Amino acid sequence: MSEKISRRDFLKLASVGAATTAVLTGCGPASRYVTREPYTKMPEYTYNGLSTYYATTCRECAAACGLIVRTMQGRAIKVEGNKGNPVNLGKTCARGQATLHGLYNPDRVENPVQQGRAKNFATEAMTWDAAVQVVADAFKNNDPSEIGFLLGMAPDHLFDLVSDLAKSVGAPAPVRFGVLSMFESRATLSKAAENLLGQSGMPFFDVGGSDIVLSFGANFLETWLSPVAYTRGFAKLRRGDPKHRGYFIQFESRMSLTASRADEWIPILPGTEGLVALAIGRLVAEAKGGAVPRAFASVDPAAVATQAGVSLEKLEHAATLILDAQHPLAIPGGAALGQSNGLFTAEAVLAFNALLDNFNQTGGVYLSPLAPNQDEYHRPASAQEMTDFIEKMKSGAVKVLFVHGVNPVFELPKSLGFAEALASVPQVISFATFPDETALASDYIFPDHHGLESWGYQRVVTGTTQSTLSGAQPVVSPYFNTRATADVLIAAAQSAGGKFAEALPFADEVDFIQSKLAGLVGQEGSFLAPEINTFAAYFQQHGGWWKKDAETQVITASNALSKSLKVAPAEFAGEGEFYFLPFVSPTLAEAGANKPWLQELADPTTTVMWNTWVEINPETAHELHLENDDVVKIISEAGEVEAPVYVYPAIRPDTIAMPFGQGHTAYGRYAQGRGANPADVLGQHFNEAGDLAFAGMRVKVEKTGVKKILSRLESRIGVYGEGMGEEH
Amino acid sequence: MAENKKHSEHSHKSHEDHLRETHLMLDPMPRGKMNEMVMESMHTTSWKFWAVFALLSVIVAWGLFYSWGRLILEGVGIAGVNRPSYWGIFLVNTVFWIGISHAGTFISAILRVFKAEFRRPFTRAAELMTTFGLVQAGFSIFMHMGRVWLSYWLFPIPNQRQLWPNFHSPLSWDLLAITTYLLSSTMYLFLPLIPDLAMARDRSTGWRKTFYKILALGFRGTEGEWTHLRNALNIFAFAIIPVMFSVHTIVSWDFAMATRPGWSSTIFGPYFVIGALHSGMGAVVMVLAVVRGTMKNMNYFIRPEHFEAIGKLMLIISMGWAYFFFNDYIVQWYGGDKWTKTLLHWHEAGPMGWMWFAMLIFNVAIPWAILWNKKWRSTPWLIFIVGLLINVGMWFERYIIVPISLSINRMPFTWRLYEPGIEIPLGIGTLAFFVLLYMAASKLIPLVPVWEVQEGHMDHSLKKFGRETVVTVSDLE
Amino acid sequence: MTQERTLLAVFSDIDPAADALDQLRLMGVHDEHMNIISGIPVTEAMLGRPSQWTNVPRLALGGAAGGMLIGIFLAFISPNMYTIEVGGQPFTPVPPAVIVIFELTMLGMLLSTFLGVFLDSYFPSYRPMKYVPEISDGKIGILIEFPLPDEKKVTEVLKKLGAESVQYTEAQHL
Amino acid sequence: MTVDLNKLHAVGAIAEEAEGKWGMVIDQDLCTGCQACVAACAMENNIAFVGEEDAGYGRSMHWIRTERFWEGEYPEVRMTDYQPMLCQQCGKAPCEPVCPAFATVHSQAEKINLQVYNRCVGTRYCANNCPYQVRSFNWRDYQDSRIRPEITILANQFNPDVTVRRRGVMEKCTFCIQRIHKAQDKAKSEGREVEDGEFTTACAQACPASAITFGRIDHPESLVSQLARMPHTQHHLEELGTLPSVTYLKGA
Amino acid sequence: MVRKFFEWIISPMGRIAALIAGLSLFTLAAYGVFTLQQSPEQPIQFRHDIHVNLQVQCLYCHPGALRGASPGLPTLTKCWGCHQQIAKTDTSPRLAVLKDYIANGKDIAWVPVAQVPDFVHFNHRPHIAAGVNCEDCHGDMSVQEIAVNPQVMNMGWCLNCHKEKAGDDEVKLTKLTDCGTCHY
């Protein structure tokens, strides 16, 4: 690397005599002169000191926010939001900003390597020709039915390519999984929609158009579904109408970032969210007069209040506010769905929305439109389905497994046994960009480009009412010797010949993408192109293609209210005095742990940096003789995990919470060996829709006697008044 | 026997003897012999001296130079400073050493101006402290800086940018004041040293001869030379006093000019000056006790009467310090500003509250308890301990003013404690360097201004008023 | 050659030295041709000598004035060479200027006082000089320059008045 | 007899306005504390990350941070609104006069508070004197590849328009002065004035809730001026007379 | 020993020797600094004088100067665009390097000569827009063989010109002497 020196690398060049020469030149270099090496062979126009901006799509989560990346002399310098993209309208979240630290991460897989399931990352490079041959051999030497594909939530074009390939050759359809979707309980949401409305699809909650929002555990300002879009909605809720500021109540056992922005945070017993929704619904229905719909008839608000540990007045107050509101809205989500009765909760909240009569209304509930080149909504695999897949792997029915864009060894609860299942698969080929846990457990790592070096597209599942396909293009040429997985698969399929070659008759990835875009040529949308080449050029330039107008699926919710809901109490697995609440870290999310600036960001609610913590109510902590930074052991029926205590003033005394995102055993220097993974204590429990009941555990807490000082941005003196007894 | 002795003390003759014994100025000695004694004190070096010297050299090499090198190369991060305590022990030490340096000027200038005769044998010992203390203060300031290699920007040097230092900044004033003070106190140390160097030149051989010859500048003691010297010393004695006051006042302004709760106080100037004298006198007493105890012939020059006199001064200064402290405290307390009150509470009840109480005990309670008694304050080891405690107390005072007060500001989100890092070896290093310089100086230059003591011998005599014999001083100068 | 020789009489006390000076004056030795060297400051008045002229106070004043000018330059002129606004304060505020001017005035004064001693006393001077080391042991020496009215008589008188030694002296390395 | 307070320069007796050019309005009711601004700022301005230990010791280099406080006890506990705290670009900045080297000065052209890195000698007086505690110091050579070899790769992301700071230098929010210059340069080359909303700071650009607005505070019709005239505005520590350029919108 | 040295050093010979020793130390130090300020050798011995005298405009190879901060240094494509049509390319030994680069597909690692430190954000565009010619700062390239920096580009040099150009225009002077104009 040392010969690649540019103007901005001056300061790094000061050599041994730095101190002496610095006297002469201020902060200047040891030598006035440096050799300016070109970064790569680049065309003339990139070499004149002017920035070039490229539109692409963010790959830090699956929400498909559009990005404009500023590049200069072949480097990506800054990520900005794409103002055209209907999902984010020019805005980005912290993770999107830090995607550059993924691109220029010092711990990327730089070459294709034969990992051989070694404990440490293998660094000896193979050639890409050999790599393609390995993939081709895997295609040829196995029966198609024994080939498994495990894909992440992004990118969609690769999913399409693999789906096409699998379909053509008779392989099982690719399994798609993402830890965010696990914590979002997507299966539960769509199942509830199906049960109650008779329509499958992803509901979209128009927070911005509403004037009172009741959120039942939905952490929509953090990582839930499409955080940037929902945050914009939240801003509109507050300031959209200059005369009326929208009101927001959050029911959640812990004050999350979302709850902290609520006007009222009501800490109810975990698992009672559905009941509370029904109780408020009943109060509303009664106040409105007329018959109470069947769905609500069976609940007794007073009893529910007692059960949920909240005063009836609060519920009545919420009901009053709803009655006064023009566009009330209720959102189910987060930990409320990750309960054994999650499906009931989702149905109850949707029924509540039906009672409020806000389907297809401003400030109400929509079903998200399908993306432009999509025939149906492909829901990611639920945890139950993943368990089935794991069983399949264990049974030996999978002879070769291709993994891309997902890290199940880390993300899935240990109790599901993915790592063991992986060991029983004869050949595992990973396309990971980073040496994550799953990649290390593979036979080969054939690194894909980073998202900013890649072609592709991503469908917008939710986040906007416009049907949107967000386009991706490389903003810089690949920094390392990586290759697009789509290209590898195409090359390997052609090398394997036969039906494989027939399945992927494309020159390369771009050729494939254009074939998928062909259907949009001539359609009215964000731009109109008469033929595919023009379309592809515009597609790159605009960062995607989207319909100009909102186009949602019409919900026919006539029978939603007439249905009787089966009230299911939440069941908690295991023993112990605490409900265990894992939540996704708002700043790190699923894949942020290896980006140093994301680690350095303070968690919004606790301001902890670079580590994992356990949130415990001050009273409880006092009872257990725990103080800040005491390392505790959390023991569930499925396992145990250790992390330092953060005495958190806004959590139920019977609940402890822990963020997901850290605790990597691999994944580069910034992530490895840092913090703990709450997934280690999660058991094999699912709700009726097959999603993991991640919040349905009871745990014991044991003091270990060890202290680990958590790095906090906040003061330990000024914010709580510890040791001072005055002000603040 | 004892009774006899007691009785005999009342007799006229033995009282006179007693006066002569206790008062250096009444106990004259031929100049030649006195010179001999001073030279002997410089030449007599025990193995203990060298052992301590070697140990201190190691400490200086590690604590000061190695640690400082690391500090420069790795950045200030290896020290304990953080947000919000951007200033740490470096500034504490700076203020502390400048405080120590005040004693020299106080003793040799103010006491000279007021013709306090007891000053004579130890003016030089005190002036050496001024210069060496300022060297440590300068070190501490430069250690504190993030990019010390650019510190020349702080001095008004003509440059192609036409950019001069910012004289709005108290730090610029500080730099000017400390430079002025360092230069003037060094000159003030050197001028009265010339005759003694000439003396040493006349009585040495070998390299010492050359050394003293260079330093004595060819002084012979002609009438002209003495006249110029005396004139210069008079000017210095008067002019260096305002400089001394200005230095510590400006140091206090570094704090008082800031918009921070607790710092923005108009009384900080005199409060710092008296604090400086407090620690300075304490340090002088310590040095004198050590010099008297370890160096040959020094118990002739430094006698309990000197400790007694300094002890009285210390008592007065301690009272003054308490007065200013209380003045500062009650005004801040009464003002009732939210942040200031928080800060005061933090001082007393915060995690470092013990330091606040220790400061009051060491600076006020202990000196008051011990120094009122003439006998106690004449006892070298006892007053040494008092001096030591005062210095610890004064260091605590600066520690409370700098890092502890910095923990509290108007942004409670950033409040944070300060934990020293490499400041500790560096602080020990400056202390060791101070002692090392002093030890080297004690072997190289006459610690006692022989000519001034001799001059004093001419001034003093005994006179009888009726039955009483008293000491009288004539005004020769 | 004889003109350059000097007679050095060493006394151990002030009174005989003062008497000797009176006698010498009576014998016609001019005050200008006599010089006293001593190890402690013996004032002119003690010996009845005319008072010495010294430039030190004048130099100190001059230095103070020079320092003040530099201070004024730094405080009022240098900020105008590159005008930079800080904290809404004027470019050349008076209160800080007082401090700058004060410090530089004092520095100028003390530096020039110090240098004044050097200038007036011709320091440093490592040339050979007429001196005996006993002076620093508290003796008082009278240097009498030639030509003398009567060398022998002078020596005798000095001896009689208590001179410990009277001898011709040559410049030597100190 | 009436006394003209203006003539007496009775600062504080009459409302004083900073002679500002650029201004920022932060709507605390919208801020969700999501840290997007912090990340965007870090990426735009080559801010160093300091690692776990230093970050926990108050040495993090965030130019903008979201503060929050707690009120009350469970279950009536309340978190105050998130309060993004960044350099307030004071009209009368306490940090400026105390720097002995003129390293932090008031830009007479842009009316903002500048930190001139190459002039900084690291006395840290400015940070002490900043009532908002928004200055961050380069405690170590965080961005030196000899100390952190991985910087060699991460440095590809560095913004060439912003100096990479080395140890011993103070730094702080610059209102993205590089963007100001760029926009002004572009406008000048096209022979026009910079339009409102033509460019914005990195934090404002990223903020998903659009809680941050940046623009010309001296143009009454700009969005930021209109917001700054709203009734529920607040300047932090106004009583110190620092005349901040950042206005906060509080509550409903 | 010490004494003898002292006597010698205060003698006239000694003083001269001390002077010589001091001077040589200073010269050595100055030379050390000087070597640090020398540019490394250019990969291609590019003759500015020949090209300028052939009427090649500065902006042809450094087009960025007109539009942005950095003027840019020409890449191989630009060189080869002309040189592949020139017969001399095949004969000149100096151009053999260029052919070698083309043959091996290497890029040219130019050594910029007119540099300002990293903390100075120099922008070419406004300077050219203000009517400053290239040669005002870079010297007359029609007489230079291998490019060298004609002057010390320090802050005083920048400021002198800025003050001169601003003249009596207060607004302009403010802008052109503002620290934030170049340092951020």
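So that you can tell them apart, the chains are marked A, B, C, D and E in the order they are listed, and the count of residues begins at 1 in each.
Basically, a contact is a pair of C-beta atoms (placed from the backbone, for glycine too) under 8 Å apart; a residue touches a chain by one contact, two chains touch by 3 or more.
Because the structure is a prediction, the values reported are computed rather than measured.
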Each chain counted as touching subunit C and subunit E at once: B, D
Per-chain Cα centre nearest the global Cα centre, belonging to chain: D
Reference subunit A; chain at largest CA-centroid distance: C
Most remote chain, CA-based centroid, reference being subunit E: C
Computed distance of Cα centres, subunit E from subunit D, in Å: 36
Whole-Å gap separating subunit C and subunit D, where each centre is the average of the chain's CA atoms: 62
Between subunit C and subunit A, distance of the C-alpha-averaged centres to the nearest whole Å: 88
Separation of subunit B from subunit D, taking each centre as the mean of its C-alpha atoms, in whole Å: 44
Two or more partner chains touched - positions in subunit A: 7-8, 10-11, 26-27, 714, 719, 728
Junction residues of subunit E, two or more chains touched: 69, 117-119, 159, 179
In subunit D, residues with contacts to at least two other chains: 57, 65, 67-69, 94, 97-99, 102, 105, 108, 117-119, 163-164, 169
Chain pairs that touch, as defined at the top of this document: A-B, A-D, A-E, B-C, B-D, B-E, C-D, C-E, D-E
In the complex with subunit E, residue positions of subunit A that touch it: 7-8, 10-11, 21, 24-38, 41-44, 47-50
Interfacial residue positions of subunit E with respect to subunit C in the complex: 10, 159, 177, 179
Touching residues (chain side subunit A, partner subunit D) in the complex: 1-2, 6-12, 26-27, 39, 72-73, 75-81, 88, 90-98, 100-101, 103-107, 221-222, 227-228, 231-232, 234-235, 238-239, 245, 255, 257-258, 260-261, 265, 267, 479, 586-587, 596-602, 604-605, 607, 609-611, 617-619, 649-653, 669, 674, 709-714, 719-720, 728
Contact footprint of subunit B on subunit D as seen in their complex: 54, 57-59, 65, 67-69, 83, 85, 94, 97-102, 119-125, 127-129, 131-133, 136-141, 147, 167-170, 237, 240
Footprint of subunit E on subunit B - complex, ascending: 159-162, 206-207, 209-211, 213-214
